[in-house]
């Protein structure tokens, strides 16, 4: 069967700051500029989750978009939306929440939804002009 | 010569429903939810067609975008726009018009425009949040 | 207090055709072109609903966006989404579902949510390039 | 001379929470839901600033867009970008930073740039689906 | 009958420079910066044309969008697309082609399409971040 | 370490015409249509520059987006913005400035910013509906 990539957009709003606990304020500020602001700032993160796999000949679906939407909601939106990533999301307790690290964490959280033979790509927009992509 | 991907956006509006003739109403409703509504619903389908090939050193084009635009119009827009996909487009007489199946059908309709050595990718947005991609 | 306009985007997918029961096929086709296709076609309708009113000094809200979002869902999305406007939405049983008529119907359905002193504007995109606006 | 509205888009990223110091946690949570999260969340705020006035016949400008862009940068972006609105922006020390209150504050900060006879409108997107408009 | 605003998006690509023939190069450069570059630069101009009027009870249209689209094509796109505004569009032979002046010229070219009782608004995007609006 | 693609959007406005000096006016007009207009036309070029590489475990960055933004500014925006590509950008003195040729030139100008093991993709939108992609 043909392999098709199906993609679903989602979003969440969160606060974060970029810093390492084991660095001084000066080191954090030098490396992360205003993103290291200790009072936090935030973003509307836009997300595109894509699953590539064979079309199921019975349904014509690679994956029911509603199922994909529900997985994104339970695994990502419920966990991240209206949260402070540094303080409230366990994956970032000791991991700097750069866009790169967030996209890898989201990829790991969503991987279990794949069926055998499917692959996963995640795109994360931190702002309308900055975004990152991870696939495996 | 360098290989470049040239992409052109297009769109069409159509009605469809998701169902299989050989399934009961209950089976269709269970698998396709409100998308199985027997009175049809519809979408503004947005399309991105990309041809990858070598730049022609004489013109600086991989493919004249106007030619690509005209092929998309005659092969896809004229065939699908303001149509009922289930009732009026022969490719879906016995094929469930999911986004996945539509994108593969469009890919097949456009493949003949390729020159030797070129490849084709089609992206189809069913809604601004749901889209599918097929390449070969 | 200052009067502010608060706006919320929503969307629904529906099928329709443009025609009048009391006109011949020829009259319908002459007036509405391919939009009169008797097999229907469809759109992703995008909606922007705006309420203008005074800021409530207690909350800083003109209207809680979640309440506005819920009203749009119950009054518009649940009534129109994945429906055939001509066959399944009573307001269009004898009213041609042009974008102009749809936006006025939506406006009438949402007016009851207004508090005294508030006004309502509705914008309806039929396609990304065609849209209509109604306010009162 | 003809009166034209000239508009410029800008943006800033900030953290905030919705709450009133003089309310209990329960009251704040009841009124503002997850937006009251004490650890803050954040947004990419998108801004459209519009000045309406007569075209200067000498230049053909209502206002030089570069001047408008610079005013928005110094009055809004420098003051709000990568900040915690509740903790670091004095205007919100005792004012709940709802979208409605933020758009009025931005309007007040920008009003001094107007020439006699000009008027000002500010649109603020809190998310791609929620936005507010204030003019005077 | 209800008055509704119907809007149609269009676009054209053109070259221009900002300058006055009766000013020195220094004066032009001081007032218009890099926009005065004597070798020209260019834009993808995006246009939104809106006609407000009563719904025709016979058709449900304020104005057939196809007719509006055709008027925009013949009056604006055919006249401006792939042109040098300063050298090839007579309206700008002695008028500086700022966005403000262009939007007024487009408004004048389109006004004759109005029926009695209708009004016209034109929005012109010079870039995705800069736009102007004129109505009468 | 995980390889992530980080992407940054940018833009510039420029004039150009498509033609070859060694062809007659007729040949140029036949091959390039209205794009060969000798008085030039122009575009708002939108650019997406993507660098793929390993996440630096010290910072959580593949590449600081501010550094990427600054490189794009100095290498592309400062060189191309508000310029006539044919007359003022040396790379196009003898190279037809089609979107395909421009995207390859931008790729060559940005390649020196890569660290060992990183790769580069450039997407260039000539209009909102036409774009090209080059990677190596």
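Observations, loosely collected:
Read from first to last, the chains carry the letters A, B, C, D, E and F; within each, the first residue is number 1.
Just so we're on the same page, a residue touches a chain if its C-beta (ideal position, glycine included) is under 8 Å from a C-beta of that chain, and two chains touch if they have at least 3 such contacts.
These figures come from a predicted structure and were not determined experimentally.
Common neighbours of subunit D and subunit F, listed by label, are A, E. Just one of C-E, B-C or A-D has an interface built like that of A-F, with over half of its contact pairs in common by residue number: C-E. The interface holding more C-beta pairs in contact, when E-F is weighed against C-E, is E-F.
Between subunit A and subunit C, the superposing rotation on Cα atoms measures out at 180°, rounded to the nearest 5. Taking the mean of C-alpha positions as each chain's centre, the chain lying farthest from the centre of subunit A is E. In this assembly, the C-alpha centroid of subunit A lies 28 Å from the C-alpha centroid of subunit B.
In subunit F, the residues touching two or more other chains are 128. This structure has the following touching chain pairs: A-B, A-D, A-F, B-C, B-F, C-D, C-E, D-E, E-F.
Considering their complex, residues 11, 13-16, 34-35, 37, 39-44, 46, 81-84, 87-88, 127-128 of subunit D touch subunit A. Residues of subunit C that touch subunit D in their complex: 2, 4-10, 50, 55, 59-62, 65-66.
Considering their complex, residues 18, 31-33, 95-101, 103-104, 128-134 of subunit F touch subunit B.
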